[in-house]
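Everything below concerns the one structure shown next.
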Amino acid sequence: MSSTFGTLFRVTTFGESHGKAVGAVVDGCPAKLRLSEADIQAQLGRRRPGQSDLATPRDEGDTVVILSGVESGLTLGTPIGLLVENRDQRPGDYAETADIPRPSHADFTYQMKYGIRASSGGGRASARETIGRVAAGAIAEKILKERCDLSIVAYVSTVGTIEAPRIALEELTREAVDASPTRCPDQATAAKMVDLIEQTRDRKDSVGGVVTCLCRKVPVGLGEPVFDKLEAKLAQAMLSIPASKGFEIGSGFAGARMQGSAHNDPFVRKGSRLGTRSNNSGGVQGGISNGEPIVFRVAFKPPATIGLPQKTATFQGKEVSLAAKGRHDPCVVPRAVPIVESMAALVLVDMMLRQDYRTR
Amino acid sequence: MSSTFGTLFRVTTFGESHGKAVGAVVDGCPAKLRLSEADIQAQLGRRRPGQSDLATPRDEGDTVVILSGVESGLTLGTPIGLLVENRDQRPGDYAETADIPRPSHADFTYQMKYGIRASSGGGRASARETIGRVAAGAIAEKILKERCDLSIVAYVSTVGTIEAPRIALEELTREAVDASPTRCPDQATAAKMVDLIEQTRDRKDSVGGVVTCLCRKVPVGLGEPVFDKLEAKLAQAMLSIPASKGFEIGSGFAGARMQGSAHNDPFVRKGSRLGTRSNNSGGVQGGISNGEPIVFRVAFKPPATIGLPQKTATFQGKEVSLAAKGRHDPCVVPRAVPIVESMAALVLVDMMLRQDYRTR
Amino acid sequence: MSSTFGTLFRVTTFGESHGKAVGAVVDGCPAKLRLSEADIQAQLGRRRPGQSDLATPRDEGDTVVILSGVESGLTLGTPIGLLVENRDQRPGDYAETADIPRPSHADFTYQMKYGIRASSGGGRASARETIGRVAAGAIAEKILKERCDLSIVAYVSTVGTIEAPRIALEELTREAVDASPTRCPDQATAAKMVDLIEQTRDRKDSVGGVVTCLCRKVPVGLGEPVFDKLEAKLAQAMLSIPASKGFEIGSGFAGARMQGSAHNDPFVRKGSRLGTRSNNSGGVQGGISNGEPIVFRVAFKPPATIGLPQKTATFQGKEVSLAAKGRHDPCVVPRAVPIVESMAALVLVDMMLRQDYRTR
Amino acid sequence: MSSTFGTLFRVTTFGESHGKAVGAVVDGCPAKLRLSEADIQAQLGRRRPGQSDLATPRDEGDTVVILSGVESGLTLGTPIGLLVENRDQRPGDYAETADIPRPSHADFTYQMKYGIRASSGGGRASARETIGRVAAGAIAEKILKERCDLSIVAYVSTVGTIEAPRIALEELTREAVDASPTRCPDQATAAKMVDLIEQTRDRKDSVGGVVTCLCRKVPVGLGEPVFDKLEAKLAQAMLSIPASKGFEIGSGFAGARMQGSAHNDPFVRKGSRLGTRSNNSGGVQGGISNGEPIVFRVAFKPPATIGLPQKTATFQGKEVSLAAKGRHDPCVVPRAVPIVESMAALVLVDMMLRQDYRTR
């Protein structure tokens, strides 16, 4: 296990999907930040199940309690303990998987690695594990907002083969994103996505998708070459989210098909600062932010747990057919949006604090 | 700067492209490993410039010296100091860029972050920085080979828009990869890639590409959820390589378009172990290796430094035209192959040592 | 703040003395360890206030709840969340110190470092912070016991100027230590210590002391030179305990007065292993355990908070007299005993896991 | 092995006593620091052998070369590679110890931990390992000096049973310390120490001692509770130095004998800041510097390698007599002075950079 992330702004998460509670400890948060549970609850609300009938109906209020590190509405500079109790546990739903590892789920690998695993619902491999990240990310976002008005907005750009047209990033807001339960801000595309997710759910299947994330007003200079380049830590952060399979920044895989003369981002004066005309770099050059918006995409596979019967094998290698019970998302990407934003915030705030000593 | 990678097998690199030397310190290498300079020199040779006329003609022998940590051909368990002197430095080639940050290069961001930068050739942002990684990676590979016959082979799957057909991974060897200077093992594709790279070079332009990497005989159980999942550390490692813009594992971005019933990898008995019929997971489930081959891809943008004139701006924002001098690769992906392999080896060996205490 | 300790067995603590709760997250605990709250409660009971009239009368049950990481009495290999609620908070007792930093307490330095501080009782600088350490240490002890019957016993060797005679270490047990509320196993000395502490308490003063710690059956080979030598990490661990001012191992400061011919520990066969005749090394040579008992001592200053009036200054520099109210220990060393043991356990278990990959 | 120290200012050392070279990589050094080899050479000169006939006659120039990270006399913010070649290696001197582990030396524990060890002179357990620390420490000192005129001066306060009287710390300088080869600034005491060391050397014995260290103009606020308290990291740093056995800060072990009313340091206005009348705290309260001078002491045991015959055992347990050959210091404390200073500088600079983000 490696449940701590960050160098100066450090988040440690804990909790299984069907245990008593999940949560996080945030260490290194600057002191005197105005902070209350309400600041955190908003993003938790965007992450929680049961928001629409596109998502798992598990019913969790996901109410966060701040256990420490805050007094009279201000952070003390000491570790912030964050706790969310699990209420709607239904261990019984998982009896069947005791002997049958779900295909493409973590049942098999956890059992092999640890010689034991949580009996229900995926334990730490559950999406429920991300609650601690989102709670911590909300704190990170607050710091980024206060220090340089930095904003992070992610949205669903693809569900299955349905792809949103290019979104005008200048005007992208969370409100626009949340207008559809799919979290795709293009309404025509969103409608098609709803159809696809509903059909998929009704067939007891699941479907993948892509989340695009945009970070605006990122100061120049964030990122710590050579191993903690900004894109490297963003990549680690995103590939640590359950079900993610790919990460690309700026031009990404499409950039690999291009020539340098077309791909290079020429410099140009933008007011008092030097900017770039295009942004194939995605806001990062040489591992360091260049002041342009950071744009990256994260690929999510279709959820592994599906109701459709699958021919697979027991731990002992016996052929069986498995049709999963329990409550599962047919498509995780709408709920992945606040998780992607939170992990981006955790990377950026840590890099900002790490850069501070250079800018005194 | 963050120049150290790994938790138990730790690599610290140093050196600018036009300074006295580059190198690395490897701390945590198990004792009593048979090791000599020759073990390291092979991969350094595959990485070094001047291997073919597709690459920069900079002439460096890249001869490694082991400074410490080895006695009578055996590692002592103490830090291994590795040194490669720079010989063919030509600082003069870079006089022009003192005032003009190269578009999409790190000149601008290093200057902004540190308030100073190496006057020549990119400093730490140069491909030359990767020598320490490759030297350390060669040691990591030796351990992986000895402990479980684990092998890592990468190859060029795409240059620009030229894409290799699906390669039969069972038979993939470094010899087959090195048969062409493009490091594409499909000979017909390799020939087209040579043409494209030569044309690109002659036009003083550059071109991107994709490296695919295959790791065989990876034991089950490597990876440390939730933040150091195996794919998360691989993603960090790959995105820390100069010019990389994307990472995907297994089905990757294509997997995001699929339905779960098609994407899931059903379990099946494979001899004495449980394997999977397909490998959309790319050898990793829930952040932990599952015993199947690990397959991932890394996207590289076209090199930023090109001889073609580009309209850009000086640090002060004055419009200028820049046509870079110096010796540059028109396409980095052939030389990126051993770098990708080395970073994969560093991730895998660290995860193997971190898993050890669980398997006593 | 730096609230995480350990490399593979990692403990993160949180909580202020007068907030909602204190606790810890233990990450990296091996899986399949039998563990329940009862295993932890015993050491918490030895640490808690109100055990005798020598200690602060603050009334806390200090009941621990395991929030995660354990199922059906076995650890899962996932992070173990540990929570202890604060019940007997009396913020009002500290109103006076809002303007007057207590001499030799952390009021002043926390305020200067963070620009804010917990309004009551010391916040993170309170002894209450050590609850998370002791809870985590109890888990560490259980692993050490199971793996190699390693035992850790600390005792009070000095209170003020009253010093225990040399204790026969072979027979030292926690039962013998706990026979007196002073935790000095020499009964004649213990009686004198009780007198001194009671007189000190009645005068509203405080007194310091020394805790000696003995670790038996430590395997050969623990410790990671050169910066994480075993004694170096023990020293860090002990000096991180509130009120500690010194650490010495083996001969310690007395050894500095000796000649090598008298100080050296000659080797001698002990059954099937090589041991040493004397143990001036304190069980550690070159930063690595040598198989002999580890013996070290920790000096604790007299508690800073005293009822006697002291002439001091407000934050603004105004001269005042301060006579502290609230509930305070006249002498911390009896309650420091389980804290010292716990920190020793955390160091040893981490070193044991770090050594594992070498002994496969 | 754990050869890296620091969180933001990170030092990684390498090298055995009789290998090709020793050195260090300093990562995280702020950019634009004026730096040349001469800045480093001074402290290396104070550390090197052969300075007087009180020390080992091993003849090493200990000339440092900066391999990277500096251009035109200014640091680049990139890792600084530091190299010192070993010249006067005499492996033959150590043939005898192949089978006989030196009592109280690291021969035995290294062999047991790693299953192998450097054949000569102690390898990483040699004092020669500290060259990298001293080189890195010189850079740290330069930063501390430039940023806040912070100065660090250590001296020998005890050799064997000869103890210097209380030194007036206000006037303590390195020049005064270096006036005697013993590095005791009290001349009468120094003369007695010379006698004792010479007698000890002539008897082929060795003797221990204590180094006291004083850090002036340390800003308020350095130290990261709860595990990286300033005194905790100082303790780790000091106990990581070869042959150290104890650490105490401020009142230390003597403080454990005192009553709180006498021990507490009352606050008093000192010009524009709040200071303390006494300094039993040694400049640190609650793990954080309080602006008063930091004062600590480090105990060093007598060197283990002595020419006097000792009755001991071979690795196989056979009784033998060992009279060590080779060149050894009869007393390490004079040469330990710059090592103590360097480790203090490494701790303080790291803490200063870690504090920076709070003081923006």
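Order as written gives the chain letters A, B, C and D; numbering starts at 1 within each chain.
We take it that a contact is a pair of C-beta atoms (placed from the backbone, for glycine too) under 8 Å apart; a residue touches a chain by one contact, two chains touch by 3 or more.
Small disclaimer: the values here were computed from a predicted structure and weren't measured.
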Farthest chain relative to subunit C (centres taken as mean CA coordinates): B
Between the pairs C-D and B-D, the one where more C-beta pairs touch: C-D
Centre distance in Å when subunit A and subunit D are each reduced to the mean of their C-alpha atoms: 46
Gap in Å, rounded to a whole number, between the CA centres of subunit D and subunit C: 26
Centroid spacing, where centroids are CA-atom means, of subunit B and subunit D in whole angstrom: 39
Two or more partner chains touched - positions in subunit D: 1-4, 7, 13, 31, 77, 110, 113-115, 124, 358
Touching residues (chain side subunit A, partner subunit C) in the complex: 1-4, 10, 12-16, 19-23, 25, 27-28, 31-32, 65-69, 71-72, 74-81, 83, 110, 113-119, 123-124
Residues of subunit B defined as touching subunit A within the complex: 1-5, 7, 13, 101, 103-106, 108-110, 112-115, 124-125, 129, 158, 160-161, 200, 205-210, 220-221, 223-229, 231-240, 242, 244-253, 255-261, 263-269, 274, 276, 280-282, 284-291, 297, 299-306, 308, 310-313, 315, 317, 319, 355, 358
Residues of subunit A that touch subunit D when the two form their complex: 7-8, 30-31, 77, 353-354, 356-360
